[in-house]
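In this document, chain identifiers A, B, C and D correspond to the written order of the chains, with residue numbering beginning at 1 in each.
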Amino acid sequence: MISCPDKAGIVAALSTFLYENRGNIVDIDQHVDLEEGVFFMRVEWELEGFAIARDGIAAALAPLVDRFAMRWELHFSDIVPRVALFVTKDNHCFYDLLSRHESGELRMDIPLIVSNREDLKPVAERFGIPFRHFPITAATKEAQERAEIAMLREEKVDLVILARYMQILSPLMTEAFPNRIINIHHSFLPAFPGARPYHSAHKRGVKLVGATSHYVTEDLDEGPIIAQGVTPVSHSDSVQDFIRKGRALEQTVLSRAVWLHLNRRTLVHANRTIVFG
Amino acid sequence: MISCPDKAGIVAALSTFLYENRGNIVDIDQHVDLEEGVFFMRVEWELEGFAIARDGIAAALAPLVDRFAMRWELHFSDIVPRVALFVTKDNHCFYDLLSRHESGELRMDIPLIVSNREDLKPVAERFGIPFRHFPITAATKEAQERAEIAMLREEKVDLVILARYMQILSPLMTEAFPNRIINIHHSFLPAFPGARPYHSAHKRGVKLVGATSHYVTEDLDEGPIIAQGVTPVSHSDSVQDFIRKGRALEQTVLSRAVWLHLNRRTLVHANRTIVFG
Amino acid sequence: MISCPDKAGIVAALSTFLYENRGNIVDIDQHVDLEEGVFFMRVEWELEGFAIARDGIAAALAPLVDRFAMRWELHFSDIVPRVALFVTKDNHCFYDLLSRHESGELRMDIPLIVSNREDLKPVAERFGIPFRHFPITAATKEAQERAEIAMLREEKVDLVILARYMQILSPLMTEAFPNRIINIHHSFLPAFPGARPYHSAHKRGVKLVGATSHYVTEDLDEGPIIAQGVTPVSHSDSVQDFIRKGRALEQTVLSRAVWLHLNRRTLVHANRTIVFG
Amino acid sequence: MISCPDKAGIVAALSTFLYENRGNIVDIDQHVDLEEGVFFMRVEWELEGFAIARDGIAAALAPLVDRFAMRWELHFSDIVPRVALFVTKDNHCFYDLLSRHESGELRMDIPLIVSNREDLKPVAERFGIPFRHFPITAATKEAQERAEIAMLREEKVDLVILARYMQILSPLMTEAFPNRIINIHHSFLPAFPGARPYHSAHKRGVKLVGATSHYVTEDLDEGPIIAQGVTPVSHSDSVQDFIRKGRALEQTVLSRAVWLHLNRRTLVHANRTIVFG
């Protein structure tokens, strides 16, 4: 995936580079941000038959990178991302991710589960995944986050998923994993940020409740949005009904966002995502 | 339609009253706000064969009203509501309401169209509806609103529809027509209140855009919500695309809200609507 | 829940009966099928303080039942329904129901899981629920279904959920549990009935894929529909993408239908459901 | 827009051709049908500054066309498509298209309106568009369609929109305008093809009603689907409510399909559309 200032000839240069090296293009997508004059592209090609070895691709691309002032990322689809799940006590997104992992829909390894509570330890054990308990208080937060970061690095974790993790991450964590932490917020952001969004939505009398999956940044609930969804509610629904109806929505939206990330279909620019769906 | 403190026996008393007076119930709906202990009910019955004359119903209901401390409204479905449309320059909601009026879907009389500009005068003329031009500046606003209110009263207008009317109403107007002014706001409220919501939504990078129809109160974009909808957007949509995709949504949401109001299916309590859909 | 020929006075009679016996109405919903002249009602009231004992209610209602030729069902919300899950190899609906059961969203006991294969036995064991393997071939089908029915009866099962169970039930089974078997079909019925609906949908080039949850009758995929949903797809989605996108939808639609049934919010009449949502 | 057998080097060749001739690419989209091995591409570039004159582009492309066995179409965005609207008596889609035309959302000229009845003649006159009445009986159908085709050709019509036109077109017409006739069908195809789909949907007890816009082919309701949508319904909705709720949906789906066609974002292959949305 590349991004660079928009300039004539990028598609031609890159597709010619691949063609001349016998790279069979499987998928190609591009987007131009006309306001900011930035060009984005995602190209997926087969390595079988490709004339350049894996570790030589960067060097071979260097002239193009220079010519167009490209920023780029290269991912190999046979390398399975390592993911840590952060949970607290709600189990619906947690089970949903585990079942999609088990069925092969979400290609990832899950070397560890992190929680500030012990409620879901039995579920982790049921699936045979190490469960790490990091209780957090205002006093211990910084130390615990440092310990978590150390553990995530040791486990070579590529992606953190907050599956209804009910702790706000400090900048320590968000800066350690930029665009690598995915959260599910149970509202249609930017409506109802912060705590207890279903309660706020009920009080406001909305006719739809939403869910938003986004990359986590230092600014709470303000990170780049990956996926959103809504479901209808009515005056006869209590807050508990909002919560119940929202659960299936949260699962749907979070699992979609995770799939998009794992399949390298998201790019972040200017606090927005480009989703090559 | 009635509302009263929740108390045992309301349904029994009211349905017995109708049964004993040979009122055939066509539709009955109730809702209890458990938090606030308020009971709401909508009963629709046929006047043909009903033992009490139209103008005697209020007196006949008086004992029940006293017993349960009821607030009530009585509407006769053969009396067609009189509606004023307020427009500015966007024509999509305007045409949509006029065509639904013409086809009989929306049962209403439209004695006048009000606008702060003259752009849509030809459309009003095409449909043979009087068009009143009230240009508004900061200096003239109060006087013009007073003139509008006088005209609305003279025309015995029951409902005002802001069909993309791009002026903020002052408390003069909102207090003159409480729960009688319906607006369409082009966002999923409470997200993106105020001006240029599609621009804000684009900047925030949302994946769905919304529309909200609500009763207008003194607090801008804070009134009771009647209907909401959303439609998907992506990174490849420009602000102009948001605006285009939003148009069909605004029509759909506004016409639904107007239909609900005209068919007396909405009740307002505590800044929320009860919609007997 | 009652149904009877539509006749004046039903609401009055029933609500008066409850009021006079000090039954506090929690929820009341009614529907009249105007074409067929049938009246339907769901009333929920509190037993605490009610003047009639549980086992006396039927006798006390008898005069009303006679007068209006009512058909009625009485359910006590403190009696937890007993449910059997039928599965084959897809795990997404299975896990979803188990996690909603675990969280308390779905109030049911699950005394057994039935499958024609052994793939999901480890999941059942993980949750500590007895797993019964009934392999089925054309030759053994009748005998196996009889054995299943015997076991379901022995376990006093109230409801059977086909959570992507990939066997067609014979009339033996559907007649043994009328309006007591809920299936999830992975299309927007009546489009794409039968096998491999995502393949058919892909071939037809639809722009939305659907899921339908319905009561199972003798006629395959023709039973009364409880809930439906759709999700957008595009030309760039393969059949595998349809299947993936459909999974979250199937979970959402099935769990909603099961919740409605368990909370006694569905009535069946003339192959359609009345859903008091 | 091009389609051709999938083969390495197409993107490289075409983008290099444009780059070398100073064609600034505004938008590029491609799709590979892996099952059938067909490659599809839509490229939009600016003519300003392009080295080749309009009428020379075909010749300049010839070598590429030969090399890749391309089928291609070339459209100039400053040439406004000429469109005929076919209507019968329902006015909602008709008004909707006329208002989007008036606001500039739909860039098209409308030289004529065709109808088998005279109900909507006053609307056409209101907009100052010639209205042609072609009454049709079984006996006159062929002659009338021949007359319509002659008139459409004389007016150089590029696209025919059936805006709730309630006559089935014969192969005479569908063959005269292949992939140039857009219909709106008021169901979620392939569910409920043919006449009175809302009645059938009501009888079946579905929980969502749909609308489908498609290119018209010889096989009724079987043509390539361009856009689809759904809206929720319940047991309390009558057939008339289905019809009412469906109207806004039909408008939304039809206007979206027309916009996609007018902006040359649709390609047809194997009875499916590729929609470069």
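The rule is simple: contacts are C-beta pairs under 8 Å (C-beta built on N, C-alpha and C of every residue); 3 or more make two chains touch, one makes a residue touch a chain.
This structure is a prediction, so every number in the text was calculated from the model and none was measured.
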Contacting chain A as well as chain B are chains C, D
Relative to chain A, largest Cα-centroid distance belongs to chain B
Where are there more C-beta contacts: B-C or C-D?
-> C-D
When the centre of a chain is set as the mean of its C-alpha atoms, what distance in Å lies between chain B and chain C?
-> 37
When centres are defined as mean Cα positions, the distance from chain C to chain D in whole Å is 41
What are the residue numbers in chain D that touch two or more other chains?
-> 234, 236, 277
So, in the complex, the side of chain C touching chain A is made of residues 90-92, 94-96, 98-100, 102-103, 105, 126-127, 234, 236, 244, 247-249, 251-252, 255-256, 259, 277
Quick one: in the complex, what on chain C touches chain D?
-> 31, 34, 188-192, 204-208, 210, 224-230, 234-236, 238, 271-275, 277
Interface residues, chain A side, partner chain D - complex | 8-9, 11-12, 15-16, 18-20, 22, 24-30, 32, 232
